[in-house]
Structures are given as C-alpha cells and as structure tokens.
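We just call them A, B and C in the order they show up, numbering each chain from 1.
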Amino acid sequence: MFNETIYLDNAASTRLDEEVLEAMKPYFFDAYAVATSEFGYSMGIDAKEGLERSRKVIASRLGAQAGEIVFTSGSTESSNMAIKGVLSALKGKKDDHLIVSRLEDFPVLNTAKKLDKQGYKVDFINVDGEGVLDLDMFSDAITSQTALVSIQQANQEIGTLQDLKAISDICHDKNVLLHTDATHSFTRVPLDVSKLPVDLVTMSAHTIHGPRGIGALYIREGTPIDKWMDGGFQESDRRAGVENIPAAVGFAKAVELVTPEENERLAAMRDRVIERAMADIPHVTLNGSATSRLPQNSNMTFHYVEGESITLHLDMMGFAVSTGSACFSRSLEASHVILGIGGDHERAHGSLRFSFGRFNTIEDSDAIIDALKDVVTNLRAISPLAEDN
Amino acid sequence: MFNETIYLDNAASTRLDEEVLEAMKPYFFDAYAVATSEFGYSMGIDAKEGLERSRKVIASRLGAQAGEIVFTSGSTESSNMAIKGVLSALKGKKDDHLIVSRLEDFPVLNTAKKLDKQGYKVDFINVDGEGVLDLDMFSDAITSQTALVSIQQANQEIGTLQDLKAISDICHDKNVLLHTDATHSFTRVPLDVSKLPVDLVTMSAHTIHGPRGIGALYIREGTPIDKWMDGGFQESDRRAGVENIPAAVGFAKAVELVTPEENERLAAMRDRVIERAMADIPHVTLNGSATSRLPQNSNMTFHYVEGESITLHLDMMGFAVSTGSACFSRSLEASHVILGIGGDHERAHGSLRFSFGRFNTIEDSDAIIDALKDVVTNLRAISPLAEDN
Amino acid sequence: MTFPYTKEVLEHFRNPRNVGKMEDPDGKGLEGSAACGDMVAVYLKVNPDTLVIEDISFESYGCASNIATASVITELAKGKTLEEAKKITWKEAANALGGLPHVKAHCSVLAVEGLRSAIRDYEEKHGMVVEKEATTTEVVSKRLKHVMNPMAGL
C-alpha cells in the first residue's frame, strides 16, 4: 500500500512496535470491558489489572508512585491539564504568574499565550545560543506570586537538554511548582522524580513506538491541581473519560522496550549524521548543544538553501525528514526554536532535523548524508545567497 | 488468558472488531508519520489522506460536511469542548446561561455542575417517568440570555430517545445553539444534521466496536466555538494534539460496519430479553420507554433485590451486565437516571442494564433470563423486602 | 483475575448460613444503611435462662459484602450469650471474612447493627432495659457516622 521510506522524523511520531500491538490485543479482544467498577464483573477487573500494571511500569521508570500517574490522551492534554489545572487550583491563593521558556513546544507555549491574553501574567525566559535556559533571568523572574514554572526537559527540534537539577532546585528553594514537558526525553534520558523535586511531568507514548492517543501526567502527591477534563470519575477522579486500557498497556510495553543499549545505538546514529554532515558538506551549522542533547536528535542548518526544497528532493529519494523552514509549516512561520536561540530566518530556513528511532540503523545516517550532499549542492547552485560556493 | 463471557455491557464499551484493527494496521506500520504538513514528505501525505477519508465517512453518516468534523480523544472530550468552547466564545455576547437535561451522562452533567459553581447559570430540565424531556419546562427555560442547550439523543442507562426534532426546532426558533450527546445513538438511530438544526454532536468510536481514545465533535459551520485543547494547529486549528490517525481510520471503519440489519438484530435481542423477563420473573419493571428507545438497550428493575449481588452471581455464571445500584458504584450513589425518572432508591438498587453488541446473539437473551430467574429467586428468598413472594 | 472479595466473602455470599425469616423470634432487628440504602434483618431465639442465642437467622437486601457479613455474624453469634454477642464488632466480622474492601466497611457495620438491634429488641421485650430508643434515621446516621464517607472508607 505504501512505499519503503528511510524515516528520520521520529521526533514527530514513530512506527508502532509490533510487540506493542501484541501486548494491546488481549485488551481489544478479551478484556475489553471498562475498568471503572471494581465491584463489577471479572472482565472489568481483568481490564483494571491491565491498566494498573501499566501505571506501575510508567511510574517506576520515573521513580514515582503508581498513584501519581494519570493517563491522558497524549502530551498535549497532559500539558493543558498540568498548567490549567494547577493555575485553577491556585486561583486566589497565589497570584496568577506563570513562567515558561521561549523554546517550549506548542502545548505549553500556546497555553501560556492564551492565559496571557486572559489576564494571567506570563514570563517567557530566554535561552542561549545552544538553547540552554538563562538561569539568572529565570531565577530573577520568580516572585512570591509565581504559581507555576513550565520548562521542558528536552527540546523537540534541536534536542537541547535543560539542566533540570538546577531548575528544580531553584523552584524548590523558592517554593514554586515545576512542570516539565518530557515528551521527547522520557525513557531516553534519565529523570527520577524521587531525586529531583519536579512536581509534574508530561509524557507521551507515540514518540517511543507506542500508540497514539495515550499520554501520561505525573503529579507529585499533594500537588494542588483541579480536574480539567470533566465527566466521569475515572483515574481516581482526576481525569474523566473511559480509560484507554489497550493504549495504556501499549504505552507500558513501549516503555519496557526502551533500553540503555538502544539509546546508545540512537546516539551513535546521531553522532554519525552530524560528523558526516560536517565533514562532507560545507557551510553547515549544528543547532542545539554539541554535548547536552537527546540521543535521538540532530539538527543542522545547511546554509543558503531552503528546507522545504530539500525535504521534497529527499522525499523523492525516499527519505522523510523535517525542517524548521517557514515554507514547510502550514502557518508559514519559521521555527520559533531556531529564532529563539538567536538564529535568523535564514538559519531556520535551511534547518533540517534528523530524528532516529528503533527501526533506523547506522547505515541510515550515511545514506541521508550521501543523498543530502547532492541535494544541497544542486540547490546551492541555484541559490542567490550562495555566491561564494 | 481470559475466560469466555457472555458480555451484555456494550453500552459501557465494546469488543474491537477485527476488521477495524485490520484497517488501522497500515497506519501503525506503514503510514505512521504525522499528517500536519501537506508540504511534507509522502508518508505524511498518505497519513493525511487516511485521516481525511475517515473524516468524510463520519461526516456523511451524519449528513455533515467533512470540514465540520473535529476528531477528539473521545466523547468526554467532545462534550467538554462543545460546552466550554461555545460558552467561552459567547462570553460577553450572550449571558452565561446553559440548559441541560437531568439525565445527561457525566461529561455534560458534571461540566454543567462545575460551570454552575463557577458562576454560570445552569438549568437542569426534568424528564417524565420514561425519561422523555419535559418540552414545556424546556421551552420555558430558554431566555434571550441562553447561550447553549445540551440534550442527549439517547440515554446511556435506560436507552430513552429524545425527540430531537422537536427540541432542535424549539432551539432554532429561539435562536439558541444546541449540542447533543450522541455517544450511544450515532449509527444506531438516525441523525441527519442536514435536516435537523442541531449545531454540535458528540460521537464516540468505542461504543460501536471501534477503538478507544477517539471520538468526534460535529460543529456546524459558523458555530462560535473557542479552542479548548491548546497547542499545535491540528484539526484546522480547532483541536491541538497529534492526530490519532490509526484510531480515526478505525472509527470510520467501525461506522461503516454498522448496518440497518445489525440494528434490527440488536433490537430483536433487546425485545426478547424484555419479553422473557416480564414473562418469567415476577415483580419486574421496565425502565425507560417501551417504544422510543435505543435498539441495543434494555433496562429493568427486579424488585426487592440489590443489583450488585445479582451482578456478582451472574458474573460467577459467566455473564457481564451492569446495574444502577448504589452498591455497585464506587461513589455509593444510586443511578441519577433512575432517580431522575422518578424512581426511588429501591428501583435504582434492583435495576439491571442489558446492552447488546455485534458479538451477541439472540440466544444470549434467553441465557441471561434463564440464569437470572434462579438468581433473583434465591436473593428474594433472603430479602427482608420480599415478604409476599 | 482477582475479585475485590476474599474467598471467604465469596463462600458466604454463595452459600449464606442461617438465612430467612424466623417464625416467632424472641428478638428481631431491622437496620437500614443511610450510605447506600440497604437493609438487614436479624432474628433471634434466646434461651431465657442462660441468655444464650440458640438460633439466629438473617435477611439481607444489599450487596455481596452485606450478605457475607450478615451470614458470618450469625455464625459468630450463635451459641454466645447476649452480652458476648453484643461485643461482636464489624472488625471481627470483617476479619472472619479475611477482610473487606474499604469502601464496603459500612456494609459490615450494618450487619453488626442488625444483630445489636435484635438483641436490644429482646432486652426491651424482657424488661432488661429501661429506655426504649426508637430507631430513627438520626439514630442510624449517628451510629454510621464514622463510616459515612464511602469514598474514603474508614
């Protein structure tokens, strides 16, 4: 039905792992009842057991208690719930001050912007040229009126990791709640909430070969948070809606399948693609940190050329990658991440993200650069910017 | 792994149809990219085509345009979005008056109750002894300040259908927006928004052998509604979050698999179970309407006995059914639906719902009554209420 | 698959002991639960000389926990004197059943109250107590006060 592709856009979404689907099947076809009534019939209790086992798997990967994990429909919902739920619970107790970084992905960023319009006070903290949060500016921004801080653990485009230890220590010292969006980092880089005083963590399944339609929110016990999705009493009355048990079971299986060895494999692919690009193609800039980044992410700007043209050429050659170019996005806006690290539009325009997953091999890193060499050379030959090449 | 069960709780959730899973697989394993960028690579465009085809299938079953369908994570989210989104959009334009029926399920009911506490004016309209909306009270409740009406098409417990034609005509005449929760009625009873002036419709996949984690909201073109799930620009910037394309494709397949013949088969099972219960067991009351009800739903009270005891006995005999008894629910509250139709606690206590699905047969109707005869007789023998039996 | 109920609960639920209305009981109690609307009736035959419960039976309009606790309480009470039987607590009943889900603790309280009410009825009929306390809703709620938060259990 569809063609073979070398897929290097695993940050956007990933191929489902067959083992994950196998784990889900008993909950599609055998224990398909709802789990709400423990005084109900056996099938509902079987279903509930599947759900609770999955909750434990996810909790333990994070150093959390099972009761601190709420399943949601995905990262976007987790972050909406975290921010809106906490601000709602603290209304009248703390002033309505929210702090986020400029590099947050849309769920946090656009929630913050909406709240800003609605009268909340929102501060957007700057990052340096590698995407690392300005800790001084951050620390200064916190006031006695700050209700919540939301800083991602890893960036979606340039893969930069934040120093969550430093950030959470500052928040802890100043007695402010901290939410972190770990959509791309969960299972890929360490995060242990029994050690770091992070209060809320957004997690997603479809970024690690799990199913779409399921995510989770870690909520440290005692954190004030109102219900956001209203309705039934599921998830200990914290999130309404029939439990998506097959997907929760799939999520847990996806978590179990991520190993340290896999993360090393991905890091090797990442390093190879960067090293090869730098060696073989002139005028390339690495976006993000050289040292502190997601194992599965690389992002580089190929100067003087436009990303959508590159991706279309690559697509015709069988590669799937994405770009921060304005032309590529539906909104025709250049990546706020590249702009946020001080890049200009040209830098965003020529940026490409290569993100790796379980079904990639190190040969894919070579193949994409081999292909890219020609594409970039040809496009530069027609670029008015690239006079000196 | 799990035991064989005669599952008669299809109103709670249903077994996934194998054909649905087959339809989903290409989007798990081949076109697993995100669909957001139409200027992106081929796999994303394939994925998007799957999504848009599914949207059309759902739209056309409802007499809607594809662009009027927004995918959500389920019924609960659809109803949250409909009510909160419309009230937010109308803020300051119409007064904050919301009308719902007393029999709504939790997503509408608890959203309404929360809004009531937050300062909105909410009216809860009564129903008669069969669960049919009091049209006079309803019509009188509408004022020039009414922003939205939310009345379900079919009830989740007693299966009573509302006269949506009359209700939507009243709303249309009075120029008030109408939302209807069609979680149980979509595909099971007719609803054509090209004929009825309904403005918003909540739909769900997992009630018709589709996957969990996906639902839809029909939004008539031009309806004022704010975004509720904030983040990315998916779903024409109406609902953020990665599109759950495999589930959307599964939802569409589930819709296609529901035929008029199937609905007749279900109605025959429903009629048989009611007829047999009335004939074979004394002191039985039908809950809901005898004539205007969902094809797949029956609900009866077996007087002098308590529902959880019945369901546990039935469970041990291999049947899965649910009850409106307070003892069955975690909150120890008797069904608000049975109380809402004027029943007392005793009527709720002994109420059982038998809801049918594709994988049931008419023999199941006989089997459950054969089993129930003994169970009810034995429990009545020890009941202090059942003096005259 | 694990039921929220122990083997013992399920056994008493399936095969409740000492069930049914008793003809001409010496003492009779009927209690209702304000929490969920259930009822338990307990009937006693008492030896007037020894004040030993020689026969006991119950009726229940309630959930599995309720039926099971009422059943086990009849076993615990049989052969005991009224004074001994009065001291049976819902915890003893629950323990005899290997434990009950927290949210169902009130069902066992109801069963214990049924027994105590039957004993009180006997004592009243035989002039063993002076004050007759009517079993009003308030009295029931007072007795059940400590179990009135069903979500939290006890």
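Criterion: a contact is a pair of C-beta atoms (placed from the backbone, for glycine too) under 8 Å apart; a residue touches a chain by one contact, two chains touch by 3 or more.
Everything quoted here is computed from the prediction, not taken from an experiment.
Innermost chain of the displayed assembly, by C-alpha centre distance to the whole-protein C-alpha centre, is B. Greatest Cα centroid separation from subunit C: this falls to A.
Annotation: 56 Å between the Cα-based centres of subunit A and subunit C.
Annotation: 33 Å between the Cα-based centres of subunit A and subunit B.
Here the CA centre of subunit B is 40 Å from the CA centre of subunit C.
Residues of subunit C in contact with at least two other chains: 1, 63-64. Multi-chain contact residues, meaning those touching two or more other chains, occur in subunit A at positions 38-39, 42, 46.
Those residues of subunit B whose C-beta lies close enough to touch subunit A in the complex are 1-3, 5, 7, 9, 12-16, 18, 21, 26, 28-34, 36-44, 46, 73-77, 79-80, 105-107, 110-111, 114, 206, 211-214, 229-233, 240-247, 308, 311-312, 314-315, 319-322, 327-331. In the complex of the two chains, the subunit B residues touching subunit C come out as 2-3, 304-306, 308-309, 312-313, 316, 325-328, 330-332, 334, 345-346, 349, 381-385. Put simply, subunit C touches subunit B in their complex at residues 1, 10, 13-14, 16, 19-21, 30, 35-41, 58-64, 66-67, 103, 107, 150-151.
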